[in-house]
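Sharing a structure below in structure tokens format, with a few things to ask.
A, B and C are the chain letters, set down in written order, and residue numbers restart from 1 in every chain.
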Amino acid sequence: MALNFGRWTSGGESVTAEEILQQIQGRFGDEIRTAEVRREEACLTIRADRNYEICRFIKEELGYDYLNCLSGVDWPADNEMEVVYAISSLKQPGKIMLRVRLPRDEPVLGSVVPLWGTANWHEREAFDLFGIRFENHPDLRRILLSEDWIGHPLQKDYQDERFVPYPWDDRKPGGVARPTTA
Amino acid sequence: MTTVNLQLEQIKERTAESMEEMWVNMGPQHPSTHGVLRLLLKLDGEVIRECIPYLGYMHRCHEKIGENRAYVQIIPYTDRLDYLASMYNNWAYCLACERLMGIPVPERAEYLRVIIGELQRIASHLIWLGTFGLDLGNFTIFMWCFREREMVLDLFEAVSGQRLNYSFMRIGGLALDVPEGWLADVKAFLEWFKPRLPEYDRLSTDQIIWQKRIQGVGILKPEDAISYACSGPVLRGSGFHWDLRRDDPYSIYDRFDFDIPVGESGDVWDRFWVRRREMEESVKIVEQALKEIPPGPVLSPVAKKLRAPVGDIYSRVETPRGELGFYIVADGSERPYRYKVRAPTFVNLSALPVMLPGYFIADCVAVLGSIDIVLGEVDR
Amino acid sequence: MVSPGALDQFYALFEAWGIPWIVPRLSIMLGVVSIIIGFISVAAMFLIWWERKISAHIQARFGPMRVGGWHGWAQSIADGIKLLLKEDIIPKNADRPIFILAPMVVFASALAAYVVIPFGPGLIVQDLNIGILYIIAISSLAVVGIIMAGWSSNNKYAALGALRSAAQAVSYEVPLVISLLGPILLVGSLSMTKIVEAQQYLWFIVVQPLAFLTYFTCAVAETNRLPFDIPEAESELVAGFHVEYSGMRFAIFFLAEYANMFVVCAIATTVFLGGWQGPFLPGWVWFLIKTFFLLFVMIWLRWTLTRVRVDQLMHVAWKVLLPLAFLNLGVTGLATLFL
């Protein structure tokens, strides 16, 4: 039953990054803030509210069904958070890098777990380290840090250099620092 | 509510459903979890009904450390990710930086990287085969595999002075050229190593108990493998003819002739057999590279203070465990603005709850072993 | 060992001095028990050292090389002393009396089996006319101790190990007993001495090869050795029923395991390999040579094979070994009837 894909062959005609961009723009033109092509990679920045639909379009209609990576990025200068999906396919050479910008005060985004099982842990990690909340996620808990951790360490303004997990005791000598993000 | 109490509540809730079932905590101090992984297993007798992994016992916020270090300074930290294949982590990180900054790598360095990388793959698969044998109750193969792994470590010690965390690769090449006669040593090792593989087979593959233990167990269906973005031998075990060395070629892998072993049904046996045959393929690649390696410099001239142009990159390579990706966002300074590691075993492990239900607790150990996790990488 | 007449004279001597009858009998018993325990300890320590050396050579290493000088011969003694000196830990939530009693039960059952092992002509503590039956009955008691240990530890892994052990012992006892019935049919007696004497010209392994293989497989399972060591599978159940034991109590479990190995191999020697029979050398030497050869095979198996799974274990017992044992019994019965 070996699914012998060969090298980018069995997908039929290979789609270039420009064509990917055109297809997505044709379907979700209003949602897209910026778009560019870097070699075989199509880079898009989209609005937050319809990310699930766009991801589903990419997965089911364009056939890019392999979510390599999902990572958060914090941009305090713009007062924004970013979620970056790196999507590729085992059948086609192109890659898609999908960026979603979220308001930093209220970083909420639709979960893509129904599309990709792997997003489960990636989204939990983004929640854990950035505080980005994913709606409709089946099990949004901290994953790498303990559940009583305060704050989200990968936020750029995470102050506590000593990574103190509990509220600091003022009565103890030297215990003057308090976790600033709660 | 604290972690412990929260979980106790969950357990009580779930135990109330049925008196027959038992929650067993496997790890973080269990000998077969390959480190400090904790699995909460719901057992019905000996049969697993549900599995909840808990991670993070070795978490050190590698990515935050990375954001506070210069690009070159991160290299030693990457050693500590997958400490059984440190050379490959170095390589993956350096490659991401080179792609980001557009730094060329000299020809000889590329060849040496391939030789070292494939030796590292052999060493990593050897330690995997050994510990997998240990999980199945076969101690002898563990010692046999360590014997040959030791030789690879000696080779690495000769080039880098280290035995586990090498920090040998640099952005733009290698730290040093290999010592005189090292390439001949590699050749001698391969000559010694090739007849050892059938010896391992006598202890493992040829044994009927070994076969019966792992065939038809822990099946990962192809659609699940894609959905969970499994990579490396786990993906190939499920029948995908996919290897980044061939399908998204980096370095000079497109110059070598090698096969990609593929499984059929996605059970533990397929993952075992894929890795077992990959060792042969690695031997083939090293042999070809040894024939063609040119003389020359091993490090291209790079600035002392490396600055990356503004932008981002997702760069991936095929480590012994799967697709290791580095997502680096550069803001033009000496340090990465954002540095994310897409660890192959973190992603592969997330498919474990899909593979386990319905099998015995003894199979749990085999399935976990077949994913080949390294907690340094899972927890980061 | 001693003629009954001499024993009676010994008792009469005490009676003449006016000492109650129980004293000489008890002192004889204690003397025999100390000899057996001494033998078990020495044999087990040797076995442990031997197993370590054999496993080391199978695995391309040396094993113990330093303690005591020559090839680390004193390693087991040093280990024993270390275990004796360790703190005796009883978990807080353990069922204390049963936890303490469990290793004793396991060891006692191993010890009691030595009573009917014929080490040489006349070198047997008590030649019971139901020797084999006695051994089978006594050695099944070990599983009671294992269940006690697993239950009282108040640990899920220990409980799982104990349950596995109970299932395994019950399953493998059946083909084990039936495979022993073949030779017994040929001899017509349950006495260990009679069985040995019946093999003066032909060992039963020649006429009963199937029974020997069945017995030996079951014996490996009975002693919880690889490939049937699932009650203590260290990679699954950590250490199974004795996960909570440490120090002296653990040492007793350890000792009992090796004592049991010796017992099952001694039975195999007695029933299938002609016991003490052999040319030139004294009987007990032959007995020990044959027994240790079988022990070597057990050790060899352990360091080569992979552990089986629970369901496979049951499958082997009920669907492979049991029919084979019955087949052997039926053929033997027919042969004794018609030949």
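Here is the rule we use: a contact is a pair of C-beta atoms (placed from the backbone, for glycine too) under 8 Å apart; a residue touches a chain by one contact, two chains touch by 3 or more.
For clarity, every value in this text was computed on a predicted model and none was experimentally measured.
With chains as nodes and touching pairs as edges, the resulting graph is an open line. Of all the chains, the one whose CA centre sits at the greatest distance from that of chain B is C.
Averaging Cα coordinates per chain and for the whole protein, the chain whose average falls nearest the overall one is B. Rounded to a whole number, the gap between the C-alpha centres of chain A and chain C is 62 angstrom. Once the centre of each chain is set as its mean CA position, chain A and chain B turn out to be 23 Å apart.
For the pair chain B and chain C, the distance between mean C-alpha positions equals 44 Å.
Residues of chain C that touch chain B in their complex: 55, 58-61, 156-157, 160, 164, 226-227, 229-230, 233-238, 303-312.
Residues 1-8, 65-69, 71, 73-74, 84, 86, 90, 95, 97, 116-118, 120-122, 129, 142-148, 153-154, 158, 163 of chain A are the ones that touch chain B when the two sit in their complex. Interface residues of chain B, counted against chain A in their complex, comprise 2-3, 6, 55-56, 59, 61, 63-64, 67, 222, 224, 226-229, 239-242, 246-247, 262-265, 312, 314, 316, 323, 325, 327, 329, 337-338, 340, 342, 346-347, 350-351, 354, 379-380. Per the touch definition, chain B reaches chain C in the complex via residues 22, 24, 30-32, 46, 133-140, 143-144, 147, 203-204, 207, 209-210, 212-213, 360-365.
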